[in-house]
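Sharing a structure below in C-alpha cells format, with a few things to ask.
Lettered A, B, C and D in written order, each chain numbered from 1.
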Amino acid sequence: MDNLPTNQSINRDVGVAALFIAALRRDLMLSLRRKSELVNPLIFFLMVITLFPLGVSPEPGFLAQLAPGVLWVSALLATLLSMDSLFRSDFDDGSLEQLLLSPQPLFIVVLAKIAAHWMMTGLALTLVAPLIGVMLFLPSEGMPGLMLSLLLGTPTLSLVGAIGAALTVGLRKGGVLISLLVLPLYIPVLIFGTGAVQAAVTGLPIGGYLALLGALLALGITLAPLAVAAALRISVSG
Amino acid sequence: MAKAEKKWLPRWFYQLASPRWCYQICGKLLPGFSLVTLVLLLGGTLWALLFAPADYQQGNSFRIIYLHVPSAILAQSCYMLMAVAGAIGLIWKMKVADMVAKSCAPIGASLAVLALLTGAIWGKPTWGSWWVWDARLTSMLILFFLYLGVMALNSAIESESTAAQSTAVLALVGLVNIPIIKYSVEWWNTLHQPATFKLTEKPAMPAEMWMPLLVMVIGFYTFFAVALMLRLRNEILRRERRSGWVKELLLVK
Amino acid sequence: MSEVLLRVEKLFCERDDRVLFDGLSFSVDSGEIVQIEGANGSGKTTLLRILSGLSRNYEGDIFWREEPVEQARDRYCRELLYFGHQPGVKALLSAEENLRWYCALSPSLDPSRIRAALAEVGLSGFEDVPCHTLSAGQHRRVSLARLYLSDAPLWILDEPFTAIDKRGVAAKEALIGRHIARGGSVILTTHQDLQGSGAVRRINLDKQMEPNG
Amino acid sequence: MSFNSFSEFLSMGGHGLYVWLSYALGLIVILANLVLPLQAGKRLKQSLARRIHREAKRS
C-alpha cells in the first residue's frame, strides 16, 4: 500500500490569478445557466424607470431634470435586489462550507464572486442605461457621464452589498434585512454618481466626480472582501 | 499566539473581561455617576434656559442648541464606542465587549432621534419649515439608519455570539463609512443650496453661550454612562444566567 | 509509526441553553478510525463542524500535530477533507466541473484522477451531465468522489453512507480501509456499523454527558 | 438672568413652543433611557429567579 504523500510533496497549489479566474468562470457559468437571474435585475430596472413618468409627469423637461437621480436610484435598487442571491445558493447546498475550509485565500474567491455578480448586474445595467436615459429625455451630453459613473459606481455597490449578503446569508428572511443594512452605505456612491451625471448634463467637468467614485471603488476592493470573508465565517459558524 | 499577547495588556483589561467583576463595578459606579449626571444636566439646563444670553439673530430659539449639539455629539460617540467595543469582542473574544456594543445601539439610536427632532424643531423658527435637508441633519438621519440596521441585524440572528460578531462587522463597516458619508453629504449640500445659513456653525460663541453648552455636553456623557451601565448590567445578567454567581445573586434576594 | 494527528482537550459547547458536551477530550492517531456516536441532537454534527474549523462557538483547545489549530490553520486546511451534511454539489454544474472546482480550492485533491474517481462511484458516463438531472444519492456520490482524489491525511465525514446502496457502502468502507492502511485517519458519524475496517474507536456523546460519567 | 418675568421666560420671545417642545422631548428621551432598562432589569431578575427556583425544585 502506498503511503500518504507528505505535506511538502503535495504541491498542486494553483496560483492566485488562476484561482481568481477559476472562481470567476464558475460563477459566470452558474449565472449564465440560470437565465432568469441574469435578466431579472434588468427587467426590474426597466420597470422602476417606467413608474416615474407614470407617477410624476410625462413632461420631457421635467423628466430630463429628474433623469440622473431616477436612473441612479433604480440602478441602486436593482443591484440591491440581486444581492441576496450572491452567497445564498452556495450556503444552501454546502459549497460555502467547502470554500471556507479551503487553504486558498478566501479574499480572492470572494472578490471573484463579486466580480462575476457585477458583470451580470452592474455591467449589464450600465450597458442598457443610455437606452433608458433616452426614454427619460436625458440630454445626450449626459450620456458619457451616466455610463462612466455607472461603470465606476456599480462595482462599489456590488462590493458593499456583498457585505450585507454575507452577514444575512444564514438567515431565512435575509432579503429585506439586507436593504436595511446596505442602503445607508450606498448614499455616497449615489451622491457622487448623480453628481457626475448632472455635471455632464450642464457641461461641467466630471473628472472630479469620477475620481471620487474611483477612490470609493479602490477602498471597496481593498476592504470589502475582508469584511465579506469575516462575515461569511461568522454566518457559517452560527 | 493569543496567550503570548495576553501578557502585554494591563490587568484591568482582563478584569473588564470578567462579566461578574464588570457587573459589580457598574453597580458601584452607578450612584455616583447618577448624582453627577443629575447635577450637570439640571444645572446645565437652568443655565441654558435662564442665564445664557439670547442669540442676536435667532433669539431664544437658539437655546435648543443646548440639547441638539450634545445629543448629536453623543449619538456619534456612541456609534464609535459600539464599533470599537464590537471590534474588541471580535478580536479578543471578549464577552463583555459584545454586551457593551449591544447595549450601545438603542441608546445611540434614541440620541440620534433626539438630535433629529430638536434639529427639526429648531428649523421651524430658523428656516420656516419643519424639515430642511441641511447637511448635518441629513448625516444624522443616515447615522440613525445605520443604528437601525445594526439593531435589526442583531435581533434577526438567534445565536447570541453570532449576532454579536455579525453586528460588530456591520458596525465596523459603518464606522469606515461615516466619514465618507459626512463628506459626501456636505458636498451634496453645498451643491444644491450654496451658502445657506447653518444651524450651529457660529464664528465665535461668547463664553456665556458655550460654557453652559460644555456643561450640557459633559452632562450628556455622564448620562450616557449611566444609561449604558444600566443596560449592560441587564445584558450581563441575561447572558450569564447559567453561571453560579448570577444564581447566588438572585437567590439571596 | 502511529502519530497523534488531532488532539482535543476539554472541549465545551452549548447550544440553545443546552450543554452538548463538556470536558470532551480525545485524540486521533494516524491509521485510526474514530466513530462519533450519539442520539439525534446529541451534537455529532456540531462536533464535526467544530473539529473541521467551521464552527468556532466552543471553548477548549484543539491541536493539529501538537500545534494549536488556530495557528496551524493553513496546514490543517491542507491536510483535511470534510464531507458535510450538504454534499456541496452545484446542481447547475456537471460532476466533472464540480470536482474541478474542488481541486482548485484544495491542493490535497488530485485533478488527474477525476475520471477514475467518478467511475469508482459509478458515475462514469455522467461526467458532463448537469447535476440537477441526477438523483439525491448521485449528488452525494459526486461529493464522495472527492475521497478518491484526496491525499489529505484526515477525513472528517458526516453521515457519508446515507442515500447510498449496499454495494456503494462496501466500496466506501474498502476505501476507508485503504486510507487507514496508508496512515490516514478518519473521524465519522454513521448509523451503520462499520465492517472489516479494523479497529474502530467509538466516542459516545450521550454517555459523555451522563452525570459524573 | 436673561428674563425679567416668568411669563417672558415661558414665551421665550415668541419661540416658546419650539424651545419647550425641544426640552420636553429631551426629558422624555433621557427618562426613557433610564426607566426602560430599570424596568427591564426588574422583569429579567424576576423571571430568572423564577427559573432558578423551578430548576431547583426539579432536581
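FYI, a residue touches a chain if its C-beta (ideal position, glycine included) is under 8 Å from a C-beta of that chain, and two chains touch if they have at least 3 such contacts.
Keep in mind the model is a prediction, meaning the values are calculated, not measured.
Of all chains shown, the one whose average CA position lies nearest the global CA mean is A. Taking the mean of C-alpha positions as each chain's centre, the chain lying farthest from the centre of chain A is D. For the pair chain A and chain D, the distance between C-alpha centroids works out to 44 Å. Here the spacing of chain C and chain D, counted between their Cα centres, is 56 Å.
Taking the mean of the C-alpha atoms as each chain's centre, chain B and chain D sit 16 Å apart. In this assembly, the C-alpha centroid of chain A lies 35 Å from the C-alpha centroid of chain C.
Counting partner chains per residue, chain B shows two or more touched chains at residues 159, 161-162.
Not a single residue position of chain D touches two or more of the other chains. Residue positions of chain A touching 2 or more other chains, listed in rising order: 237-238. Of all residues in chain C, only 52-57, 74-75, 77-80, 82, 84-93, 97, 100-111, 130, 151, 153, 178, 181-184 touch chain A in the complex they form. Chain B makes touch with chain D in their complex at residues 41, 45, 49-54, 59-61, 63-64, 67-68, 71, 107, 110-111, 113-114, 117-118, 121-122, 124-125, 223, 226-227, 230-231, 233-234, 237-238, 241, 246-247, 250-251, 253. By the touch criterion given at the top, residues 1-3, 9, 12-16, 18-19, 21-23, 25-26, 29-30, 32-34, 37-38, 40-41, 44-45, 48-49, 51-52 of chain D touch chain B in their complex.
Put simply, chain B touches chain A in their complex at residues 90, 142, 145-146, 148-149, 152-153, 156-157, 159, 161-162, 165-166, 169-170, 172-174, 176-177, 180-181, 183-185, 187-188, 191. Against chain B, in their complex, chain A makes its touches with residues 160, 163, 167-168, 170-171, 173, 177, 180-185, 187-188, 191-192, 195, 216, 219, 223, 227, 230-231, 234-235, 237-238.
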